[in-house]
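Here come two complexes built around chain A, the first alongside chain B, the second alongside chain C.
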Partner chain A sequence: MKKFIAATLVLALVFALAACDTPATGGDAGDAGSKLTVWCWDPAFNLFAMEEAAKVYKQINPGFELDIVEIGWDDLQTNLITIAMSGQLQALPDIFLVQNNAFQKNVMNYPELFADLTDFSVPYHQFGPSVVAYSTIGGRNFGVPFDNGAAVAAYRLDILEEAGYTLEDFTDITWDTYIEQAKDILAKTGKPLLSGGAGDMDLICILLQSMGASFFDADGNPDIVGNEYISLAFDVYVQLVSNGLMVEVNSWDEYIGTFNNGIVAGVINGCWILGSVQQADDQFGLWGITNLPKFSNVSGATHYSANGGSSWAVASSSSNVDLAVDFLTQTFGGSIEFYENILFAAGALANWLPAGESDVYNEPQPFFRDVPIYALITEFAGLIPSNYTGVYYYEARDAIGNAIVLVLAGADKDEALKDAEDTLRFWMMQ
Partner chain B sequence: MSHAAKRRIGTAFRYTFLSAVSLLSIFPLYWMAVASTNRTVDILRGTLIPGTEFLNNLRFLLEGQNITGAMRNSFVNAASTTLAALVICSLAGYGFEVYHTKNNDRMKIVLLTAMMIPFATTMIPLFRMFAQMGLLNATLAVILPSISTPFLIMLFRQSTRSFPHDIIEAARLDGLNEISIFFRMFIPTMRPTYAAAMTITFMGAWNNFLWPRVIIMNNEMMTMPMLVANLTAGYVTNYGVLMLAVLLSTIPTVIVFFLLQKSFAEGITGAVKG
Partner chain C sequence: MNLYKRRNLTGWAFLLPAALMICWMSFWPMAQSFMLSFQTGTGARMRYAEPLNLNYGRIFNDRVFIQALQNNFYYLLIQVPIMLILALILATMLNNKNLKFRGLFRTAIFLPCATSLVSYSMIFRTLFAFNGFINTALVRVGILDAPYNFLTNAPSARIVIIIALIWRWTGYNMVFYLAGLQNIDGNVYEAAKIDGAGPVRLFTRITVPLLRPIILLTVIMSTNGTLQLFDESFNLTSGGPANGTITMSHYLYNVSFVHSANFGYASAISFVIMSMVAVLALIQMKVGDKR
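Let's turn to the complex of A and B:
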């Protein structure tokens, strides 16, 4: 027994000592001359893009080094809050990725974390205006746009053809035509055109942004009651669901399953969804993409919108802000070679418009019947109206999500929207 | 119907019911194991038959993720947390009960209150403290906050009650000092309690996510729960790989639980081995 106790204590001591030995390198690598630390998520996408960007930048700055830490967005957000609240800014990396919809919220809540990039030479005019708007607060720029969230409408061409339609019949159309044709396709083939999570706000938000509309007015106050745009988006949503044109599911996995399994004949979402669409290799050559239906008789309505996307932020605490901005500018905002490298390997699409002119972007894609979808999506990206997201974007999404569930269950639309606005104001403590 | 026949029917019914319930509780584990051998598309299509993708998923994990490092880190964290927690909390629990004073009781109330404070509220001050001590990205920072928990101290204190104080008196008469009494009389007698505490602490430390995620900011020191979380954070989730990682992450806690299962039950109910 004595030996056991001794061994236990020795082991504990060894572990403790081993723990003490670990160098406390910290999140920032600012002290090293040309080394940057980056936080981002998704190895196949953002991490890969960062590694490629580092390779490209090394040609200009041979001594450049990049340390990329993998961390999911939810956890990254937790860390940002923890660091900001505790005031330990030295724990920040030099560069971190922020979801576009959460960018304004974070800059407004924790302005001390973000370096102001306005006076650096980032070529903002070469990005679509809507993606720059996400990371612009009070006329100042705090981010370099990266991940393209341009919305696409993708259709199973074989099912459309079975019902006597082509992709042209779904290009440059209005929502009225869409619903008309979707009913016909459902009757002839038994397949709905759309799917989405029950109470999930992706589609509503896509519809709203296609009109440049938001849940807030320009001053950031809730603008839900009497908002004609929200009312129109609700009407389309309710028509889609109540006519069986859109299948509502309970989880993201089920959602992916609806098109992977051929339950539905189309998808409307951010272009990143095409990665999941292409997982079903038995549907090779059966898909086509085009722009979204638009609202008729609405000023500012377009065929273009976005869902998601993300932008790079530079930490104000970084001792290498100049290097970090130069690195982002020369690669994400200046290298066609870089965007060509990440296109096929990661399916990462540029928000930087000059990349759309590259030959690689214009190559036909066999999965989508030889259409050069990447050039097409980059073109869409330049035409998206911008909208205000603000601090309470996600709260507004939740409130509206509850309202749509109530309306689908038969509640009065205006009352549900009134409740949603009251809830949102309560959350905002107004 | 004869008595024997009635009993047979009763038994049959009982077994059918128990089998159904067992199947129900085993199904998620089965599904996880099956999913780890399939492709994402097949998983989403609802397959329940083992597939042929196991090696591919494993290769993806080994090549794309630092899985061996994460397993090692999780093990080092969980093992050292467990060892340290057992020593510290059992000493504290023992002291509370054996050297009983009025102030001890007041202290107990403070401890019980501390059990009610959720970790999320203490996380930011804790982070500030560790950052200022220069312990960001240090194993020590992961271990320290969980080596002394009110729950474990109370568990040891409760079970010390069933430890015969006559043994302590006898040992004192035989000339053992207080520390030796603890190590040579108390620990060997209270093995079931230690087993229970070990199981609980090891599982807790192995699955600990929030604090390590906040304090660890590099890939080399990533733990298994962090790795699993990262696998779900991509734009396209590879469910086969994810399920394989979850499966691998479950194995150590399962082993610890099964090894200590018998003592665990005894320890929780407060039995003393004579």
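Let's turn to the complex of A and C:
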């Protein structure tokens, strides 16, 4: 028995020590050589792109070393908050990835974490204006845009054809036409055109951004009650759901399943969704992509929008800010070779517009009936209207998401929006 | 130093490391977060609120918090009694020495407790999905004409969470009752049987009264656990639809990490939850403990 207790204690001690020994993930603030630390998520996508970028940059700066740490966005956000709260800025890496929708909020709440990149030679004019706007606060630039969130509308061409339509009939159309045709397709083939998470705000946000609209006015005050754009987006959403044109699901895997299993005949989302669309081998050559339907009779309405995407930030505490910015500029903001490398291996699309002229981007994609979709999406990316996200973007999404659920359940739209604005104002109180 | 003192000191020496660790890693942060609950602001720029009780004052004007509070009490009032009664009945049945495969049944009923909270929540979400197993089964058997979207309707989503909770925690409470039943002298039952008591009487007149301390313990633990419910709300329903299933702890998480971080307000919420747990435990102890 004694031996057993002793063994247990020793084991416990070993585990405790092992736990202490977990390598610190922070940046090497003291090491002013040519080594950088990066935090980002998604090994197949962001980490891979960073590795490729390091390879390209090594040709320019042979002594360059990059230490990439995988960390999910939720954890990364939590880390940023705790680092800012405790003032332990040296725990930050040199470069970290930030969701575009959370960029303004983090810079406004924790300006001390971010290096101001405005006066460096990042070629911002070569990126789409809307992606630069995400990381621009008060006219200053704090990020280098990376992951492309340009929205696309993808359709199952075989199902459209079965109902007598072509992709042309869904290109440059209005939402009214879309709903008409979707009803017809549902009647003829039994397939709805869309799917989405219940109470999930992705589609509403895509609709709003396509009009350049936001939940806030230019000063950051809530602008929900009497906001014509939100009201229009709600109307479209309600029509889609109540007519059975959009299937509502409860989780991400269900959502992916709706188009991979052929339950729905179309997808509207950020272009990164095409990675999931292409998982269905049996749907090879059946998909086509085009721009979004737009709102008719609305000033500023376009066929283009975005969902998600992310940008690189440089930590103010980095002892290598110059190197970090130069690295990002030479790769993410200046290397066609780099964007060609990551396009095929990871399907990672450029926000950097010159990459769209590359031959690789113009190659036909057999999954999409030999259309060069990458050049097409890069073209879309340059046309997206910017919108204001601000500090309380996630609160607004939360409040509006609840309002749409209530409206679908039969509540009065104006009342639900009034409640949403009250809730949002409550959350914004300090 | 006499023997008594030396022993005493040895005891304290053994206690000291753990006590210091608890004070440093647990009590000190609690004190700090109590101070934080009077502050407001973001990031490192926290300042004391004007008036000092601003955060506490706004809690009960917060519609989402009130909704979360109602959800929590809904779970508490419906799930805890069902679960505990079920656990008690199962424990009594499994305590029967003549039952075959007792060990197997005990293990099977306790096993859900060994699953991680996140994974079982996700499995329940998949089971009750629109085209999930439950819907498919109900439609095939003919009970439903078309699949029912359990998780997008608040009442049914709450019931799914309650079913999940019962599945996960009944076995856990049963083990406490089984342990308690071992301590009841078999002679008591024998004497009662000789006096002509049936199984129901044995249960209500002997088992339940003699298990009272254990029942009290499980009630307090379950109340505490239900008020701090997080994983099920977060993973099974994401708090939806329209905050219809969100719990206080889940809202607390949103306030801290999803929304623009407001740690002052979040700390205030956590202290309100703590006082509720304390008050409920106190009431239960007064009512339940008749020693």
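Following the convention adopted for this analysis, the second predicted complex is superposed on the first by the 400 of 430 C-alpha atoms of A that agree within 3 Å, B and C clash if a C-alpha of one lies under 4 Å from a C-alpha of the other, contacts with A are read in each partner's own complex, and residues count from 1 in each chain.
By definition in this document, contacts are C-beta pairs under 8 Å (C-beta built on N, C-alpha and C of every residue); 3 or more make two chains touch, one makes a residue touch a chain.
Nothing here was measured: the structure is a model prediction, and the numbers come from that model.
Judged by the touch definition given at the top, the superposed model places A:Ala91 against chain B, while chain C stays out of reach. By the touch criterion stated above, A:Pro43 is placed in contact with chain B alone, chain C being left untouched.
Looking at the shared chain after the overlay, A:Asp74 reaches both chain B and chain C. Touch criterion met: A:Ala198 reaches chain C, while chain B stays clear of it.
Touch criterion met: A:Val391 reaches chain C, while chain B stays clear of it. Residue contacts after overlaying the shared chain place A:Ser251 against chain C, while chain B stays out of touching range. The larger set of touched chain A residues comes from B, when the choice is between chain B and chain C. Touch criterion not met for A:Asp219: it reaches neither chain B nor chain C.
In the superposed model, A:Asp119 lies in contact with neither chain B nor chain C. Where the contact sets of chain A with chain B and with chain C meet, they give residues 74, 78, 85-87, 253-254, 257.
The touching residues of chain A, when paired with chain C in their complex, are 74, 77-78, 81, 84-87, 105, 109-110, 112, 198-199, 247-251, 253-254, 257, 263, 391-392, 394-395, 398, 401-403, 405-406, 409, 419, 422-423, 426-427, 429-430.
If you check the complex, the residues on chain C that touch chain A are 40-44, 58, 61-64, 125-126, 129-131, 149, 151-152, 237, 240-243, 254, 256-263. Here chain B touches chain A in the complex through residues 40-41, 44-46, 64-65, 76, 79-80, 83-84, 87, 123-125, 127-128, 131-132, 134-140, 143, 183-184, 187-188, 210, 213-214, 217-219, 221-222, 226, 229-230, 232-236, 239, going by the rule given at the top. Contact residues on chain A toward chain B in their complex (touch as defined above): 1-2, 5, 8-9, 11-12, 15-16, 18-20, 22-27, 39, 41-45, 67-75, 78-79, 82-83, 85-88, 90-91, 93, 253-254, 256-257, 260-261, 272, 275-276, 279-281.
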